[in-house]
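Read the structure below first, then the notes.
Order of writing sets the labels: A, B, C and D. Residues in every chain begin at 1.
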Amino acid sequence: MTPEFQPLSQSAMNFHSDNNAAVCPEVLEAIAAANSITDGSYDGDRLSVRLDGVFGEFFGAPCRVFAVTSGTAANSLGLAAMVPPWGAVVCHREAHIEVDECGAPEFFTGGAKLILADGDGGKLTTETVRQVVAAMRGDVHQVQVGALSLTQATEYGRAYTPVEVAALSDDAKARGWRVHMDGARFANALVHLGCHPGDVTWRAGVDVLSFGCIKNGGMSADAIVVFDEQLAETLPYRKKRAGHMPSKGRFAAAQLLAMIETVAWQRNAKAANAGAAQIAAAAGNRLMHPVEANELFVRVGVDGATKLREQGFGFYDWGDAGSGEARFVVAWDTSAADIDALAAALREIAA
Amino acid sequence: MTPEFQPLSQSAMNFHSDNNAAVCPEVLEAIAAANSITDGSYDGDRLSVRLDGVFGEFFGAPCRVFAVTSGTAANSLGLAAMVPPWGAVVCHREAHIEVDECGAPEFFTGGAKLILADGDGGKLTTETVRQVVAAMRGDVHQVQVGALSLTQATEYGRAYTPVEVAALSDDAKARGWRVHMDGARFANALVHLGCHPGDVTWRAGVDVLSFGCIKNGGMSADAIVVFDEQLAETLPYRKKRAGHMPSKGRFAAAQLLAMIETVAWQRNAKAANAGAAQIAAAAGNRLMHPVEANELFVRVGVDGATKLREQGFGFYDWGDAGSGEARFVVAWDTSAADIDALAAALREIAA
Amino acid sequence: MTPEFQPLSQSAMNFHSDNNAAVCPEVLEAIAAANSITDGSYDGDRLSVRLDGVFGEFFGAPCRVFAVTSGTAANSLGLAAMVPPWGAVVCHREAHIEVDECGAPEFFTGGAKLILADGDGGKLTTETVRQVVAAMRGDVHQVQVGALSLTQATEYGRAYTPVEVAALSDDAKARGWRVHMDGARFANALVHLGCHPGDVTWRAGVDVLSFGCIKNGGMSADAIVVFDEQLAETLPYRKKRAGHMPSKGRFAAAQLLAMIETVAWQRNAKAANAGAAQIAAAAGNRLMHPVEANELFVRVGVDGATKLREQGFGFYDWGDAGSGEARFVVAWDTSAADIDALAAALREIAA
Amino acid sequence: MTPEFQPLSQSAMNFHSDNNAAVCPEVLEAIAAANSITDGSYDGDRLSVRLDGVFGEFFGAPCRVFAVTSGTAANSLGLAAMVPPWGAVVCHREAHIEVDECGAPEFFTGGAKLILADGDGGKLTTETVRQVVAAMRGDVHQVQVGALSLTQATEYGRAYTPVEVAALSDDAKARGWRVHMDGARFANALVHLGCHPGDVTWRAGVDVLSFGCIKNGGMSADAIVVFDEQLAETLPYRKKRAGHMPSKGRFAAAQLLAMIETVAWQRNAKAANAGAAQIAAAAGNRLMHPVEANELFVRVGVDGATKLREQGFGFYDWGDAGSGEARFVVAWDTSAADIDALAAALREIAA
């Protein structure tokens, strides 16, 4: 794996990460609008109090929504509400919560463990989950698994279908676990699946969703969406004592509301996915995983990577050193020119 | 004490908190400007990397600057870098870290204690600090005090002078402690003192400062300013695993840079302080504490409070129930009309 | 306050602490007996499984009993089962959990706070508890009190009567709190009160008791006695992950069972209390607190303290430096000769 | 894996665990002797203060020794002194700290991760360690490995030679890590290796050793042996706040001193190892791992297991359900008759 946070090469054509992308106009305008009136502090403002309702309508089910300032906070606070300190969470071996959050889940839960399962393209299956927990025991000498965490879309740009999520959830629930979804790129998965947001979340057994807004054109707000009221009880205290209840909370709520109410989430994700699909078609058999969101993994070869960089493309090497694998992320605002250029360059490599 | 976070009454004239205030234009413009270019993620962008230099020039000393999303995070991360889990922090009995952060210091430090000392107007003195630690022991059966935390300006709107900070720091350093300053309203104290920012921080022995930006016209960024390089070592890890390293960090850095580089910090704080001073003059002998920042505490009486609310003023009751004490906070953007009106109303009460 | 753990002066006549006392014969014999058969490990042995029943009969109510290896562990594990990380425990300002456990409650609870109340002789009253919580709020910005902790006997050798415990518990329960009792010297209080063990625990509203065995002639086992089944649920996991589930648990259970079943607890506590009473009578008006257990606090004067030490008495200075106050603890095995000698010496000082 | 803590079947011939074994006479006598004099409390007694010297002589190097009440506490406190909350420890996938301590390392470290490596017979190799850390990064988005933990003897009764430990330590040190050894069965490994205790610990790069006493004939004391003075600094505070500083610490120290000074450690371990060797010889090609301590793993078959139990042998099934694998542990006090009987029974199965 290659980090997402390497210093940005000043590439003309940047495919490093959707974290490098701009904030979309609707979000910026909502921030400005929120500034036009004096309002309550913390969560007591006129925007924050609308979050539950707006997201409830979006998902088609009652839910509690907590704005936070990073996906790491969303994931870790959500998980902490689901498992005790002696609990455990089953997730994919390459899940962001395991690989890229510096132990945040352990910090927030008070020391719960992540139990690592396998699966092609970052996707868990009922079988790979079963394998890792088969040997675990219910006695007091072991941590007790209390949750399953799925990443939607996965670290390899794959999407779980509603049927797949439901199958995993069913097994999880049968074991007494809760189901968590890391949706840093939830919008991208959703437009790929073409289903209702509820189909791949609460209807499929998801209890808590980290709803990604930042990568998809937001600025500084993601959300924890809790479909099980009981799991929401401790979150206000957890948020506050983690420093995740900012005094001008209205500027976080504004971003989330704008994303949903203007349907920018959909336009942005569609744009990013379409760009990725166009490039994927050009990559041909160099493509390592089906493209179901806005990320591509391509065997460009070591020489190919060098050449691409010479041409001005910015991206991360992936896989083992010298593997010649590359990750390209298309953002909501990646230009058609950049997309065309990368498609052309990969077509040449693939040829 | 009365909470800062009560649901905002829709008062025409709002003196509840500077958290209710708007974001100042310089900050909003800086956010928009940060959006005009694609940039690095996390702390690797062109703005974040300038923080150390710009704050170093402001304070007149090398420092490390970490943007965070709340004052609670700034305080708790800073303290966690200063004391071990079996450590303790001496602070005022009414300090925000003790009273209004839901145990955040305990969460971030891994269980360190706050040791509570007294002092008029929220100000510690070398004597009140000495009193609480006189009985403490250096043995393994007790937590070990490792830091002193001062609030500048205090919860009662008082400012520590450079001489006072230095005296407290000298004693603290002689005991082997570090010195922390909660500067949620640092700018307000600074314009009152009229000294160089370095005079009341590193020159007076402060090791770590929570630099408040949000209450003073910022949107979603405060900063941890670390004057002792060694104390900065663990902060990147602590930030990340606490979910306080947002992926689009440039929008936090932009706010902090704008506040310093446009000198908006000074204009905003001066405006708020001047409003508070005008109202204080009107409050006469009803004033409970000297006004050295942008907060006033006034004995308005229970009837007076009722009448003020009927007149459309929003503010918090303070002190014990039925004490008839009120807190008024003037923000950078409180209108002259509102200030005049409150001054007139208090003059009448005081008469 | 003076530490309990100063290096033992090799006093001929030791009144430092009941921690210096020997293990009583019944406990040693029970350990030897436990060694005569091979048995199950952890809590699965023939002795551990009897704990609930034997203590249940002792207290006259069903209970769950968990052997631990120190009073600190008993207190902290018990409290951790009662309050969440953002919770708080009201206790006396001089309670052992606050003053002498190096932040153990904070460690085990994940950062809960202790809220300090006053009271003569280490005894809380409904009024002193009310005072400290009057200003606390139920909102998310503050930790939430979830338990009251009483020390029986107190740090000053005072005993709460059943009526006093019930009054404090009633108020606590009315606020939605749980009630914890630190009974490091529970046996001493009990023989003083002369009541049934249930009268001053579960019948008076106590949910969790730290049952002290070590100071009263035990070797290495105290117990957590849980009267509310629901509070016991998490304790096995908490014990295990804290390293407090020793593999040869039978040797801890043996001590606790011996103490109860041979009624050694009563004989030992009576002996210690009687010695303290004899000395107290001699101390006359120098006595600072009524003697209701096995500790005495006496104004011996600075010169008196020096003289006593010259005579070979070992004890701790107490109170502020130079106050001339001394603490004397009588253990179950303190010799009649030593008791007579101290009584004589204090009679002389008091004269 | 099968738990060590299943309720003990009342087998005539018990090979479940060395935790079921008795306390050896030297340890019991030392406890009685410690009871003959009044002594200091906590660590201030005449026995505790001798620990450093006696172990220093045993290991041939200065060291700091901390008595604790369980192997879990020894491991977790030791690791907590070695890595920060955002740290990580590389250990074997089946290490006790990972599989059987209910997340104790995570609790004591404040959330550090265990990174799981492979290796035959529970033994890590420089290559298997290299594999798991190859993909790890030094940046702030990941936990930072700070220690390697080896189990001596391993969970499969294998012993690391001094050369093997040194090779692993050299690599670890080159990466800036510390080296921890879980020596719950250290004595068994040591008598197998026949080397000086220092050869396989500090001379081979081990910084902190959990010295097992309980399984080898002790009662309630294991020890943390720290060869690097600097790593010992925080341990007194960590012990105290974890409830692992019992007030009558002399009874723990007495056990450890007796084990070393009477050389009971060696006699006990030799007896157990010899019994295991005798049985191993009988098991023939059914033996799954070389026997280098006091544990055997044998393919007895499902029918064989049933038959053995019918014959009165107590032991744990191992491996996957239905694998027909069994673990037998020989304790220091397992009778010659039981050993002969098991050897005979396995010889028949192997035939």
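Definition applied: a residue touches a chain if its C-beta (ideal position, glycine included) is under 8 Å from a C-beta of that chain, and two chains touch if they have at least 3 such contacts.
Keep in mind the model is a prediction, meaning the values are calculated, not measured.
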Worksheet item: Does C-D or B-C have the larger number of C-beta pairs in contact?
Response: C-D
Worksheet entry | Chain separated most widely from subunit B, comparing mean CA positions | D
Worksheet entry | Centre distance in Å when subunit A and subunit C are each reduced to the mean of their C-alpha atoms | 51
Worksheet item: How many angstrom between the C-alpha centroids of subunit D and subunit C?
Response: 34
Worksheet, complete the sentence: In whole angstrom, the CA-centroid distance of subunit B from subunit C equals 42
Worksheet item: Do you know which subunit B residues sit against two or more other chains?
Response: 4-5, 42, 85-86, 101-103, 106-107, 110-111, 140-141, 237, 240-241, 245
Discussion item. For a test of understanding, state which residues of subunit A touch subunit C in their complex under the given definition.
Written reply: 42, 84-86, 110-111, 140-141, 144, 234, 236-241, 245
Worksheet item: What residues on subunit A touch subunit D, complex-wise?
Response: 1, 3-5, 85-86, 88, 99-103, 106-107, 109-114, 134-135, 137, 139-143, 320
Worksheet entry | Contact footprint of subunit C on subunit D as seen in their complex | 4-8, 14, 16-17, 19-23, 28, 31-32, 35-36, 38-45, 68-74, 76-77, 101-104, 106-108, 214-215, 219-220, 237, 240-248, 251-252
